[in-house]
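Order as written gives the chain letters A, B, C and D; numbering starts at 1 within each chain.
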Amino acid sequence: MTMIKKTPKQSTLQGIKSLFVGLKVTGRNFVMPQITTHYPRKEVSNLATYRGHVDLVPKEDDPMTSKCILCGQCAKACPSNCIELVIRKEEVEPPPDEEAQPDSGSKEEATAKSAPKKKKVKRILDAFMLNYNLCSLCGQCVQTCPVDSLEFSTNSYLAGFTREEFIFDLLERMRNKQKASSSG
Amino acid sequence: MNIPPELIHISIALAAIAAFIGLNGLVLVYLERKVAGFIQRRPGPYEVGPWGLLQPVADAVKLVGKQLVRPKVADPWLYWAAPLLSFTPIFLLFLVIPFGPTLTGMEFNYGLLLILAFTGLNVLALCLAGWSSANKYSLLGAARSVAQSIAYEIPLLLAVLAIAFQFGTLNLTEMVHQQGQWPWQWNIMFQPLAFVIYFLCAIAETNRAPFDLPEAESELTAGFHTEYSGMAFGLFFLAEYAYIIVVSCVAVVLFLGGWQGPGAPGFWWFLLKVYALILVIIWIRWTYPRVRFDQLLNINWKWLLPLALVNLLLTLIFVKI
Amino acid sequence: MLHYAHEQLQGDYYTRAFQAGAQEDTLIINMGPQHPSTHGVLRIILELHGEYILRAEPVLGYVHRMQEKMGEVKTYPQYLANMGRVDYLHALAWNWAYVRAVEQLLELEVPERAEYVRVITCELNRITSHLLWWGAYLLDLGAFTPIMYGFADRERAMDLLQIITGSRLTYCYYTFGGVTADLTPQFIDGTKDFCKYMRTRLPMYKDLVTDNMILRHRVDDIGIISVDMARRYGVTGPNLRGSGVEHDLRRNTPYSIYDRFDFEIPAYEECDALARYLVRMDEMEQSISIIEQAIQSLPEGPVMPPKMPKVIKPPKGEAYGEVEGARGVIGIHVISDGTATPYRIKLRAPSFSNLSLFAEVSKGILLADAVSILGSLDLVIPEIDR
Amino acid sequence: MKQSWVDQLNAAGVPKCTEVRKGVACFCLESQNLLDSVRKILELEYYLQDVSASDFQEGYLLTYHFAHFEEPGQAVFRVLISHEHPQVPSISSFYQGAIWHEQECTDFYGIEFTGHPDLKPLLLVPEENLCPLRKDARSKKSFLDIFPDCKLVEAPPPPESEENAGGQESPEEKASKKKGSGKSKVQKEDDETAQDSGQA
């Protein structure tokens, strides 16, 4: 246990001395190097750890599609409802010998496959809309995603003139990024 | 048509002084911000012009370009009169300051008296500004400035009086002549106490931190000039810096040997000393917190005034002997 | 031309109500909501006689966001993001208080490493909060330079916190059962360096400010908060410790793993603003010491419990999550009705209680002292208004 | 040992503790002996943490949290008051810090604190009477449901205090009969689960 201390008292002489000590401190700082980062000319070094808005993560084998399984957990978890999944339903003819279909490898699928001529409804992600105007960067979407299809971008240079500019289609963003990286 | 040469001399001097005040305002704004920046380990003005040199010019242009706004309930005459009243006496003050051996606007036997008399006008201006703005914060600032200026004028006068007795003259040029070239011949060696008193009072008179109570921004938002903007504010601002120069000039004349200096005496020595003093004032501003109002008056009445009296007495005894 | 109190004055509800009790020949003045020294949108109506305050009444609610209502419409995890916004200076303590309340409801066991991570980050956050207070307080007292030094050092701590939390101010880092991200070596090294660096900075602060005669005279013997007063108003945190009470939740009811660390609870008996000032300066030192100890003994392991419920649905009941924040005891009272949404969330904001005594403490003091006292209470307005 | 401070409270005359969790003791009070208990707890040098209200089917539940500067433990006072007559004595004469807390409760729920010095709105706009935290009938839950350890007992009808009791009470909530006399009593003493996860 610590003792309750008394505030130290100061004599007038000490006080006057303290004034000169203060001048000494500021004087020393006057000649010390500056610590400001001249922003547009230099950049701060820690941008890599910034957690900006979310981005979709592409599949390893197919960089043009995302890992997203369209479960909608992220949209549900979001406190400010800024995520919207645009899903298109498409009836696809089951290919005669689809074996290596990783995303639909469940048992029902297998039985459905065995049933003759059963049309299968496939849900396709058309767009993954993020309304960044509303986002509070809490990261709930990233945490709830069961397949880790979302990641934080380190994009700290976001500026725009209208609100519409901050409604992103993350799928498109991801594809553009992949294109840029593959071409460049 | 026979123009007296004295008049021409004064006219030229006034023009030069106007230029000097304006230029100095710019330089001091820049200097203050740069020094503040360096003390706080940031660059200060940086973007406008090389090393931000044009920043004060840009500020001045902005201030001049702004619309003059008067609060609806403010007194229309006094409100505009206040900044002018604050600014115009400055010309007179500079007129008698001996910048160099011959560089004086007007040789005047009562130079010191004139300076002290007209510095007092500033209080009136601040008081009017605070009163006429019809803002409660301004009013408080005005009340503070009156109390503060009047209080600090007394030890300041007493300190200066001691010097006047010592030199036996009120003529500033004469005073400089009585001091020698070398620092140990300067008056500060004989009157250190008077110098300290004068310096403290000068900071208080010019409302500089840590005695900037009339405009204490954390208490009174901006004190007496809360309602002023544009050039009206600009004049207050300029006047404040001009008064800093004036008090520094007087300090240099009274205590630091004026234009005298090792090597070649001249106005460069004078300017060098003035700016050194101003640097110290700026340095102090960016180091200390602000004192409280009652403490401010206590410092004056309980410390400075008795000290100044003692100093005066000692000087008198010394002079008499 | 000027309006005095006895004249009929146009004003809003609060001004009129305040004016009803005014004496003759006094000046009624609004300090705030836009005032340099109220740090945000706090408004205080003052009745002045000269520069002496006869009466003061804080008016709140300018940044009221109805946080408690938001708690009732959001699910438990969704509400987490709000916590960083209640007190943006010590956001992690609010994170922690809420997380603790929900963990009590869920009876979740927090992994040991996560506790260490929480302690380290929370103390780091406390230092940033105190640094900002220090600078802002000195700004109130008219010194401009300390805030720059304080900010420069605070930046370092915030850079560190950004490494793991990803944000700089309104953290949303703790989560039920643990923390969202593990510490990185970069963070650990950086924190060690920061602790060393801060130990060199604190003496400089002392030289520049703490020992300064002008500051001493500004803060000495003003704003006396006696222990009894603190009790009646519910003052906690450094303000209470400045009244000579060694009350600190980290020591009194050691939550998390605070009982494993060796640290002092600084307390000063003078009850004035200087005592509160010194408490905070000492606390920074103690926080550094806690961080160093925690980093030294940081165990390996996961930062999240092995199995987490998919949906957070605490059983019926209530819980009170208490944490020692930079401003005092943060308490979050959660009543759960067994659904995924809290039934009622009550946020106990320390600043709210700390400010409530201002009316009493400011009677008969100077205007300049009022600014000094307000600063010494270390208020965060969004926390008061919630 | 944990019990000691609870006993101390009991000994000082605070009505019997009704529910003890880890470090927390709840006292369910009736609104007329609230002031008495608050005075006693002030004498025991407890400080006020907060005052909050919440809306239940049975009425408004006022929760007062107290804690001690030196000793561990939190004392909780609960007072249940009816929806029709949301009145409760103000504790601000003992704890001045409660002034704002009570004003806040008035803001959020429209509860009237008798004896409060100035019940004007604190956080919300003064021009409107919003009471944003009141719940609608659908989302209201029962107090008993959430705090199963407590049970409401029919208070013996105090003969005179019942200007609010019988007459206009609507049968809509089963709670009304309990709150009719303005109070709930909670009986069962039970150790709820130890909840301090921080406990090592």
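Worth pointing out:
One rule holds in what follows: contacts are C-beta pairs under 8 Å (C-beta built on N, C-alpha and C of every residue); 3 or more make two chains touch, one makes a residue touch a chain.
Everything numeric in this text was worked out from a predicted model, so none of it was measured.
The chain occupying the central position, as judged from C-alpha centroids, is C. By number of C-beta pairs in contact, B-C leads when A-B and B-C are compared. For this pair, chain B with chain D, the centres built from the Cα atoms lie 65 Å apart. Rounded to whole angstrom, the centroid-to-centroid distance between chain B and chain C, based on C-alpha atoms, equals 43 Å.
Computed from the mean C-alpha positions, the centre of chain A lies at a distance of 57 Å from the centre of chain B.
The residues of chain A that reach two or more other chains are 19, 22, 25-26, 29, 35, listed in rising order. Contacts with at least two other chains are made by residues 39-42, 286-288 of chain B. Among the residues of chain D, none is in touch with two or more other chains. If you sketch which chains touch which, the pattern fits none of the simple shapes: not an open path, not a single ring, not a star, and not all-to-all. Every pair of chains meeting the contact definition is listed here: A-B, A-C, B-C, C-D.
For chain A in complex with chain C, the residues that touch the partner chain are 1-2, 4-7, 10, 12, 14-16, 18-19, 21-22, 24-26, 29, 35, 46, 49-51, 77-79, 136-140, 143-144, 152. Put simply, chain C touches chain A in their complex at residues 74-75, 77-82, 85, 145, 149, 152, 159, 162-167, 170, 172, 175, 180, 204, 207-209, 211-214, 216, 220, 244, 246, 264-270, 272, 274-275, 278. Contacts from chain C toward chain B in the complex involve residues 1-2, 27, 29, 35-37, 48, 50-51, 138-145, 148-149, 152, 208-209, 212, 214-215, 217-218, 366-369, 371. Considering their complex, residues 36, 39-42, 73, 75, 134, 136-137, 139-140, 143-144, 209-210, 212, 216-221, 285-295 of chain B touch chain C.
Those residues of chain C whose C-beta lies close enough to touch chain D in the complex are 13-14, 17, 60-61, 64, 66, 68-69, 72, 100, 103-105, 107-110, 227, 230-236, 240, 245, 247, 252-257, 259, 316-320, 322, 329, 331, 333, 335-338, 343-344, 346, 348, 352-353, 356-357, 360, 385-386.
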